[in-house]
Structures are given as C-alpha cells and as structure tokens.
Amino acid sequence: MTETMQLGKAGPQGFFGRLRTVVARRTEGRGVALLAVILVTVAFVEPLVLTAYPVSLGRIALIGIVALGLTAVILMGELDLSVASTLALSGVIMASIPDLRLGVLAALATGLVVGAINAFFVAVIGINSFIATLGMLFALRGLAFVISDEAPVSLANKDAGIAFGLPLIGPLTPRVLIFILVFIAIQVFVSRVKAGREFFAVGGNRQAAYDAGIPVKRRILTGFLISGFVSSLAGVINTLERTTADPTAGSTVLLASFAAAIIGGNYLKGGRGSIVGTLIGATSLGILQVALTLSGVQVPVQEIFIGAILLIAVTTDPASIRAVVGGIRQATRGRAKTETA
Amino acid sequence: MAKETLTETIAVAEAASIEPQAKQTTSGRLFMWVADNGIFVFTALLVLFAVIFVDGFASLVNITDVFHRAAPIGIVAVGMTFVVISGNYLDLSVVAQVATSAVIFIAVSNVYGIPLAMLAALVAAVLYGLANGIAVGFFKANAVIVTLSTTYIGLGLLRYFSGGSIFFGPQDGPIREFGLGKLGPVPYSAVVLLIMTILLSILLTRTNFGFLVRSFGVNEKATRLSGTNTGLVIIGAFIVTAIAAMIAGFVLAAFSNTAVSAMSDGYDFRALAAIIVGGTSVFGGKGSVFRTLLGVIFVSVLTNVLVLSQISFGYQQVALGALIVLAVSVDAVARKVSKR
Amino acid sequence: MRNTRIALGAASMFAIAGFTLAGCAAAEPAATDAATEEATTTEEAAGGETYEVYALLPQGNDQPYGTTYLPPMEAKAAELGINLTITNSEYDADKQASECEVAVAAQPDGIILWPAVADAIRPCLEAANAAGIPVWITNADVNPEDTDLTYGYSGTDSYGQGAASAEMMCELADGAEIGVIQVNGLTGNSVATLRGNGFKETVAANCPNVSILAEQPGNWNKDDSQVAASEMLTAVGEENVQGIYAADDTMVAGAIDAAKARGMDVDALFITSIGNTFLGNPLVASGELDGTVFQSSSWDGENAVVGIYRAMTGDTAQGRDDDGSVLYMPNPKVTIDNWDSPDVAPEW
Amino acid sequence: MTTMAAEPIIEARNIVKRFGGALAVDGVSVSVRPGEIHAVVGENGAGKSTLMRVLAGIIEQDSGDVVVGGNVLASSAKASIEAGISLVHQELSLVPEMTVAENILLGSAPTAVGFTKQKEMKAIAADALKEIGVSVDLDERISRLSVALRQFVEIARAVARKPKVLILDEPTATLTPAETDYLLEMLQRLAQGGMAIVYISHRIPEVFRICHSVSILRDGQLVHAGSIADTTPDKVVDMMVGRELKADLQTHRTSSPGDVVLKASGIRAPGVNGIDLEVRAGEIVGLGGLVGAGRTELVRAIIGADDRQSGTVTLTVNGKTRALTSYQSSVRAGVGYVPEERRTDGLALGMTVFENINLPNRRELSTAGFQLPGKIMQFAQSLSEKVGLRPPEIKREAGQYSGGNQQKIVIAKWLGRRPSFMVLDEPTRGVDVGAKAEIHKLVKELADQGTAVLVVSSDLPELLELSDVIHVVRDGQIMGTLAQKDADEKAVMSLASGEKMVNA
C-alpha cells in the first residue's frame, strides 16, 4: 500500500541533492547568469564601475526601485503601466507644495491614491490591468503637465534637496539606502508574510485562491498600493535629489523596470518570480549602463549593445533553449529521414 | 460579484448542457449589445457632439485634418492588431520600424529612386518581423522585452548609420504629390489606411493564416496540437505588423516630406490605446481590424475636438486616458449586468 | 552555444538592415562624414598632453541639432588634444544626474554640461565642484544662482531666440492689430518652454497689437506641427490669423504647408521662426518665411570645447567674472535681405 | 451502514441556482449525517458541481439554505470553511509555485502579526499528510509533483482543516486503481472517525463500495435519494441518464486486425526507456498502467508531440511508409491525437465548435489559403451530428459544452481527417456515463473502419472493453502484453504494480 504512495520523489538525498533541488526551485537563474557575465566583463574592461561602486549603486537604485514595486503587481499576474506617470505626478505635486514635509506626504499619498484607483478598476470593475493602467499612464502624465504648467517646478527649499543627495552612511546616499530598505521590506513581505505569500496564489491559480477563502480583491489592492507607493517614493527621491520636479520625469523608467523584472525571471502571467530576481535584473542593467557610459562608446552603439544584451537575456531562458533544441532536433531528424527515404 | 465572473465558465458550461436554448433576458441582450458595440456608440456620440457643439469641426478642411491625424497611427494600429490578437501584448518596436522606414524611404529615394527605396524599406521591415517573430515564436521569449530590445537595436542602427540627421524629400515630385494629395476631403494617406484595413481584415477573418493567429490567441497548445507550426504563425503576425509600420513610415514621410529618427516617438502606446479602445482583447483571440480602425477614428476625433476647443496638451492626455478606461469599464459593467 | 549563435544571427540581420541605411546616408554627405569622423578623430590627437573630458548632453544623434552639434565639437576636441566621452540623457534629468555622478567618479580634467533641465543641475555642479573638476556649460545656461559653480558658458539663449523671433513679428506687424498662432516644441522640453515664453512675453511687452490667438505643441515634428497648425486655424478662424510663429524651422515648414493646403495666401501672412536650417533657409529665400533666427550648431559645439579647454588651462577661473567666460552665440536674424550671406549659411 | 448519529451535520434545503436564464440546480435538498459517506451522482451538467460549490460557499444560491449543525450558513468561502466544510475540487486547485506545505494551508496558514509561522505550518501539513499516509517533501513546489501526488496534496489540504464535512468531487478521476483503493479505504477510515463525507463520482462501483446513501441528480433536479442498500448499480445508472443504455455498454467487438500501420522502435524520451510498439489496421491497442508510468509520455513521443531522444516511428498507409519526424509530419501523415488534458490541450474553449473542427482540417477546407465558410459549416455540421454532439449547434463556443460533449468535439475534429492512426489518451476521464458509452461506440466504429487505434486509460473496465490487446507500462517500459481473451483487471494490475512478469 505505502509503496503506491511513494510516487514522486521524497525529500532530496545528501548535500548536493539538496543543493540541486534548491537551485531547481529558484526562478532567477537567467538573471544570475547575466549578472555574472556582466560583472566579470566589467571587472576587466571597466574596473572603475566596481571601484566607484556608490555611483553604480546610485544608477541601480534609480532603475530598480520602481521595478521592485512593479514586481509585487506582476507576481499576481497583473501589470502596472502607470508607474512612470505616477513618479512624475507625485514629484510635481510635492514640489508645488511649499512646505517640504507636507509635500513629501502629499506625494506619497498620491502614489497610494493612484494605486487604489488602479485596483478599483481591476478588482471591482473587473477590467484588465493592462488597459486600466494604460489609461492612467496617459491621464497621470497629463495631470503632471497641467499641475506644473508644462514646466519644471523647483523646490522651495533647494538646500534640503542638495543635502539629501549627499552620502549619509559611508558613501551611500539616502537614495541607495531607501532602495535597500524597500527591497528588504517587499522581499520579506512576499516571502514571509501570509498576505504577501498569497500574491503567488492570486497570480498562480486565482480560482484556487478564491476557493481557499483568500480575499483576492484585497490582495490586488495591496499589490497596486505597493507599486503606486514605491513609484511615488521614487518620485520624491528624484525631486529631492534634482531639487526640482520635471513633469516629463521618468520617461525611461517604465520599460527599464519591466526589463529588470523580466530579466530577473518574473513571469508576466503571474505566480512565478521573485523580488530578488528583480534586484538582480536591475543590478545587471545598472552596471551595464554605467560601464557603457564610462567606455565612451558612441551612444547609438551603446543602444545597439543594450538591445542585444536584452535580446540574448530573454532568448536564453531554459524553456526557450529547450524549445529551440527540440525544433532543431526534429528538423535534423527530418532531413536524415528524407535522405534514406 | 467577481466570484461569479470567475466561476463564469463553469457556470455557462452547466447552463448550456442543461438547457440548450438558454434564452437571455431582453435587458441582458441589450447590455451585451452595448458591451459588444460600445466603440460604435461612443464614436457616433462623440462625432454627433462635435458636429453640434464644436464649430469648425464639420468643415471639410477639418475633416481632412482628422484624417491626417488618423492615417499614420491608424496604419500602425491595424497592423499591430495581429500581434495583440495573437496574445502577445504589443509590438514596441513599431516606433523604430516607422522611423527606419521613413528615413530609408526619403534618403534612398533621393539617390536611387522610389522603387528601390521601397524595396530597401521592405527588407528592413521583414528583418524586424523575423527578428521579433523568431524570438517570440520559436524562443518563446516575452514579446514586450523582445520588441523593446529590437527597438533599442533598430533605433541605434538607424542613428548610427543615418547620423540622426533630418532628411528632406524633393520640393515636388510623386512623393510630395502623394503626401498632399486628396480625394475630396480625404487625403491619400487616409485612403491607404482604409485599403490596409480592408486587406488586413480579409487576411484576419478569411484566410487560414488569420484563423491561426486568432486560434493561437485563444489557445496556443490546442492550436499546436492540431498540427500547426505556431512559430511561423507568430512570425507572420510580427511581419504583418512590421509591413504596416513600414507603410505608415512611407505615409508619414510623404506627408511631411521629411524623415528623422525621432518622428515616431510614442507610436507604440498610442497605437495600443487605439486597438484597446476599439475593443480588441489584450488577452488575445478576440478582436477585429475594423474595431481598431474605429478606435483610431475615435482617438483622432477626440484629439481634434480638444485642439479645436483650445484645450492644452496636458488636459488632452488626461481626457485620452480617462476615455480609454471609461470605454472599457462600460464594456465590463455591461457584461456583468447582462449576466444577471 | 546554439542559442547564442541564433542571437548573433539576429544581430547580424539588423547589421544588414543597417547597411541599407548606410547606403542612404550617402545621400547626405554631411551626415556620413559626421558618422565616420566620430570614430576616428578622438584617437588621432592622443599624442602630447591630452585631456580627459566628459560631455554630458541631453541629445545627440537622436536629434537633428545634436547630430550637427557633435562633429564640430569632436573635431575641435581632437585639434586641442582633448579626449571626449559623450553621453546622451534624452532630456531625462535623472539619467543626466546619474551620468554626472559617473563622470565625477571618473575624475576627468573637465566636464562639458548641457543641462537637460536647468533647475535640476545644481547637485551635479556641486559634486563636480567638490571634486575640483571644472565645468563648462554649453547651449543652455544654468540658473543665475548656480553660475558661480561653473567656469563659464557658451551657447545660445533660447529665451533670447524666442524674443528675437517676436521682435521680427512686431516689426512685420508694424503696429497693426493682428492675430497669430504659436506652434511650440515638445511639451515639457526646456528649450521649447524657453523659446515659447521668450516669444510670448516679448510680444506682450513690445507690441500688444499682436495677439496670440492659440498655441499647441508641434513636438519638433513637421507632420505634427502641420496638423496642429491647421487645427488652430480652424479653431480661431483663419480669417482672424495674419501671423504664424513656430519654435523651429521644421515646424514652421509644416505650418506653412498647412496654410497652403487651406488655400491661404502664405506671402500675405507674417511668419517667423528659429533656426535657419536647411529646411528654413530656402523658405526665407522664397519669401514664404519672413524671418528666422540663425542658430549655429558648429559654433555651439566648437565653443563648448574651447571653453572647457580655457578652463582646464586656467585661462578662465571659476565664476563668470573674467571676460570671455560667457560667450553668447550670435543669433543673427535671417530675412529675405541676408538669407544668402555666408555667415548665416545653414548647418542643419 | 454502521451506527450513525440521527442528526444530520449538514443540510441543503431547496437550493436553487440559475445562470443566465438556465436552471443549474432546481430545488435540491440533501442531508448528510456524521460518519456517513453520501454519494451524489449524475451526468456532467446535472448540477452536482454547482450544488457542491454552493455548499462550499463559492457560489451564492438564488434561494434555499445551507444548514450546518442547525444554523444557516452565510454564503462565503470563508464562512463555509469556518463552519467545517471543505471541498476537494474536480480540477486541481493548487498553486503551482507554492510549496506543498503552503498549499495544504492555503489561506489558513498560522500567523503571528501577519508573518507566517513556518514551523507550525509545516507541522500541521505533516500531520495532514500523515493522516492520509502520503510522504512528500513539504518544501517541494507543486509544479514539480506528479498529477497523482497533487491530488493527494489536495485531499491533505481538505483534511488539514479538520473538517466536519468533506466534499470530494471526482477525486479518483486522475487516479490509478491502486491509488483509488487506497483513497477509498482512507475515506472509510475518516468516516469511521465521525466525518461526514459527500462523494461525487461517475464510477458507480466505487459508490457501491464505500457509500452508505446516494442522491441522484438529473437536469438539476433530485430524482432519487436513499440508502445504497435499496438500489442497484443498474438502477442508479438508469436514473442518472434517464434512459436504458445497457445495450451500448459491455459490447465486445470481434476484430480482424490488418497489416501493421504504426511501427515504433526504440523510443526513448523523458519517462520512456526504449519501447517498441506496433498497431495494426482495425486494431485497438490499449496501454494500461499506473499514472506516471510513462504512458502519456510514450504516446506523445511516438507522434512527436514531445521531443523524443531516440527511436524511429513509421506509419504505413496503403503500402506507402512514412517516417514520423515531427508532430506536424505525423498529423499530415494521418495521425489523430485526443490529448489527456481536454480543456487546455484538446480544444480552444473560447472558439466555436466549427472553428475547432476547422483547425486540423483547414487545408482541406480552403483554397489558396482562403477559407470556404460554406464548406467549413457543412463539414462541421455533419461531423458534430456524427459524433452525437448535443445540441449540435456548431456556432456555439466549445467552452459552453459539458465535458462529454467537449470530448466528442475533439474526436470530431480528428474524424474529419479520416485518420489512419488515432491516439486517445484517457478518452473518457470526467465524462458522464451516457457520453462515455457513446465515445466508446465511436472508438469501436473507428477501428471497424480500419483505423489503427491506440488508447491510454486508467479506467480498467474501459481499457478491457475497448482493447483487442493491452500493453501494460511501468517505469517507461512495457512489462507485459495481454490479449483480450486472457486480460482481466487482476492481470493488468499485477503487471502495473509489478507483482509478476508476463511474457507476451
């Protein structure tokens, strides 16, 4: 009897067995590989990238922070295209309020409100998040232009902003520190907190989540609140560091964040991925960009390079390779046959 | 309640097998009709509103302007509809594709003449389609990132080789004539849009290729297990998009008689917006080219009306965004109500 | 590995597409030279004393102006033995700030800075200042309170250009009550904003008889400008419009096409603009464009390098006190009278 | 039938639920006592699943009450769970990327200030697995488990909630006979522990083996309720389908196999270790074995649906021999494949019946790549009538049909190609008795017309009824071959579980 029940493997055997299982269970493989390649390369070609690590970290934080929030939504199989516009809008709102503290609060509140609105359309009205947030992408950017009268809005208290841009702990600027904190917070949330873990259920098998009595709508709300809040946080950081809020800010943020999340092994249809993966993806992109800047290669060539890296990164997913290998094997087998026949 | 929408499939399944001729309530059918034809209603209402309240809207010259707004983005959108229906979200690289096509068209025709220019552009377009299609279709890579990377590569190459400079067409000649030519109030570019819509609609609804694109969008596995080379289907979808983008590039270049690598910024999401407003599902499977055309007209008329009313750019964006969400919400709500 | 090979295959496919483009670039000698020179020049003057200089620009080969700005800049750099590292932040202030951090970390001998957003640039200046790296501002100046952190400025005065264009419009109107429509650059772009305000405020100050009836962005594109202009004409009624102002020649060309397409008498319209480009100059010659403001991208590019060179060699100290620490690009007005004079020969 | 508390623990009173205009459940009342195993049977679409979903609070009823331990239950999944009702779903409701432990405690994991208590969670999960006697690594992700193991994790989840009422919807659909035995005994154990069990199944023998009482649904109405002792399998079946169908059941066909059509040799693939196989024209070859024995992997490797590492496959149709290299080449050569996962692999549920039928036949139904609507309609109509699709409305979406009808559509789309070799993987899983008989009839007819047929089935009676010869697979190898005459459940099982070795 029991022997019938032993189908499938029991616990892994031995250290390496266990190690292999652990690796097999992770989703970040692709990102790690890419990061390794990039790190090794820059170590030889542009060591400055590593010696001047505060700068590199700064760039990573710039790309990565929004991506972290975005990942929370992606894990549930939803999308948030409005992050960049949220960043710009909250920045503008912050700068147009004379009192700095009030401004920051208002900006962060903006992020939460945007998140709530997104969630409302997705969870309550029940429209696809891709569409809802696409609408917000246009609307919020427009709002940023309206409020800022289509021109940058300077902070009343520029010195506070400049102070904010200076290293706080060792060589690390507040931006980097906040980025690290946000990473830890979201990572802990989705890996240790019940509600966060249930994001995977909402993304992986929504019907099951409902049947198990998980408040799916509330989880979706949480997810969009996180991504909205983090976007506005990024807006606040940028506005402080720049000492001004630009309504066009974040023009390059949306796609960079998606790239980071997906290189990190997050599955756009939800249920599979990790915050660590996104961190790795952002790190890869950030270091790559800094290295290219230092290399002094012509900008168009840099673009070609980044594009090529991205393309390779997404086409070297194990599944992709298997798909292609299979195809090629069948093709070759076919040829062999036609010869004999 | 969402609980129901989720168990909807099962529900309908049981309903059907119990009572084959399960009749819907009249109100239900009405709501379904609104849900299915929302875009027709919206467009009609908007145009009606504009004709009555916005002076100058109905003038011939303004109608021409609306068509000028609609044509290039519309041609891109009807093409991109194929990628969306195949369930691959969107093709970001249309931005690079349109610019590449426009630059090649003007620059090459200046030296080697129009036919060769079109040929060169076609080569580039097919290469785009192949690169995107192979990566998505055979490597099963994520379409968003693939097309993002081909955008980088494409624009990079374009700027490297063209030096990013602005290219001018001759002050007169066929390109200029086409660019400024009209059939009554309808510019040739809009005629091209109409022809593209008809051709692509036939391709999507009447041919095996179009059928496979749709069925791939509904269920990839089932399509493959019916003996289909799904990789080729995806490549096809991306090539259709690329060729449409190429033609949009021609139209754009001919209209402005200039070409520069930055001229098609924002075409990716603007085209997607039109497709979605038209009612094509980003889940893939459901949708039509004519709906996309309507979506484009809707967005163009809206922008036109806002400019005529001297609304600033910021508010224009707000209105556009709001209407995208509104259009889709109405659809969603109507579907729910009709379920009751 | 098989997949890498495929990826390379894809890359080479794009290379082919690229060469098709190379073929067409041949159509524009200026452009090809530009493209090819860039590769070589920087290495050449590696002999003798060479300076490492970072040039943080908000545009490059993605914009026509940047495209013609770069080659003279690089030529001059090679001549002076300066090794340039150029970045392009695509007018994203945050990207430029990060590039600035990178540049400071690289400890070059000097930094050429073209602010993406003037208001946002102070932290960058302070960082460079702290690292003792001289900074020369090019094309668009920083805010007055920040000037003492720089070694000088060379370039145009975007606001002044708008103003100059406005002055021409005022002359053309000559006291008559006229209405004009205004086509702006890309919304939110600093040059667009400055030029727009320059025009608006100067008109208001110098000739209140000229009233601006409508304004819309043309996104620096001819096609967008053409449609927007036409729609504005519809909105305010073309009979009420006697003048058109566009923030650059490309867009004004679109506006002129729009007026023509509506059968308006372009020669009767007062039309002014900025740039005197390959597109605008012929329009001036033909009398359709009544006046434009010459902007020399080569002057801009060269003097940026000259400026930082003088800063690095100590010819000019920090701040704006020494003479020659502020070089304003001559912005001659170009009209039917001087369109063919050599010193306003179009460059882009 | 042993001693039972008189008071029912759960009662459904006149439950009514309509979808759109259609009545799914029409005033049904059911009551179960502690320690009772109560069978709910009926054809697909009879309303069983809907009724169970109402009990579990997943769907809200239009009228009627669910009463647990005397008090009326609010309609919400949470309320039902708290009231001690847990439902084991027909289609697995596990989360692929979460661990076994997390899935077992999905939604009910123990927490401290929101944080999951890992240790406690694992402990509870371990207990639940112990109670049903299954061993599996608690940290393993569900996506890496076999189908059968997932089913048991599913049950463990239900048990972990220490439910008063346990509802199982088709729990044995994906299980092998051995596993089924195990499950049934387990249920009896749980019932003796005082748990009330509602057991839904198409497998009448199982019902009669463990259940104390039975409710029979047809067209959303309760047609019979009573003790199992007062009825017989035949009566139950008749009441389910509402018509006599002993005729179609248990009719063996006398086959006269022709030449070898399919020849597979040295097939190796993940889960398949070197198998040779022949199928003759007009012959039905059955593949028996436990789930995970490698049968599905084998057939998919043969027809190229999955990549095979080595081995050659040839298809001989009237003298011409073709090599099957890729799945597409197989389909072109005349192979038809009815996959195991009907809803995800077999049909595009979102498309109409005629579109699904057109899918593999599109080349024949088009000229120069342009579809011929008239021809397609006619073609689809005749086929759907041929397979007895009810109702035969080809413009209806496939997803709107019940399981049995969906399977008929899958078969129809392949019949259109007049396949010379047809593979059917679990052809009647989750299909009601009536449709099952019809599908069997279709398969037999197909063979009679000279098609070589290969059937994979975990449903032993079905395997025995259909097959002319049965290969039993274990660990990716053929452990033995049985001719129809000397094949019986025992023989197949002994080979499948590896007790003894029969030489073909």
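A few comments on the model shown:
Note that the chains are named A, B, C and D in the order they appear, and that numbering of residues resets to 1 at the start of each chain.
Basically, contacts are C-beta pairs under 8 Å (C-beta built on N, C-alpha and C of every residue); 3 or more make two chains touch, one makes a residue touch a chain.
Everything numeric in this text was worked out from a predicted model, so none of it was measured.
The minimum number of touch steps separating chain B from chain C is 1.
Chain centres here are C-alpha means, and the one lying farthest from chain A is D. Looking at A-B alongside A-D, one finds more C-beta pairs in contact between the chains of A-B.
Separating the CA-averaged centres of chain A and chain B is a span of 27 Å. Centre-to-centre separation between chain A and chain D, using Cα means, comes to 40 Å. One finds 69 Å separating the Cα centroids of chain C and chain D. Centroids built from CA atoms put chain D at 42 Å from chain B. Among the residues of chain C, those in touch with two or more other chains are 3, 6, 10-11, 14, 60-62, 187.
Shared interface positions of chain D, i.e. residues touching 2 or more other chains, are given as 58. Counting only residues that touch two or more partner chains, chain A has 145, 150, 207, 210, 298-300, 304, 308, 311, 315, 320, 324-325.
Touching pairs of chains, sorted by label, consist of A-B, A-C, A-D, B-C, B-D. Every residue of chain A that touches chain C in the complex is listed here, in rising order: 48, 52, 54-55, 58-59, 62, 145, 150-152, 154, 158, 161-162, 165, 238, 241-244, 246-252, 290, 293-294, 296, 298-300, 304, 308, 311-312, 315-316, 320-321, 324-325, 328. Those residues of chain C that touch chain A in the complex are listed here as 2-4, 6-7, 10-11, 14, 38-39, 42, 60-62, 84-88, 90-95, 97-99, 101-102, 104-106, 117-120, 122-123, 126, 187-190, 193.
Interface residues of chain B, counted against chain C in their complex, comprise 56, 59, 61-62, 64-65, 68-69, 72, 100, 103-104, 107-108, 110-112, 117, 120, 123-124, 127-128, 130-131, 134-135, 139, 150, 153-155, 157-168, 180, 252, 255-258, 260-263, 265, 304, 307-310, 313-314. Those residues of chain A whose C-beta lies close enough to touch chain B in the complex are 81, 121, 123-128, 130-132, 134-146, 150, 206-207, 210, 216-217, 255, 258-259, 262-263, 268, 298-311, 313-315, 317, 319-320, 323-324, 327. Those residues of chain C lying in contact with chain B across their complex are 3, 6, 10-11, 13-28, 30-32, 34-35, 60-64, 66-68, 187, 214, 216-217, 219-223, 226-228, 230-232, 234-235, 237, 250, 253-254, 257, 261-262, 277-279, 348.
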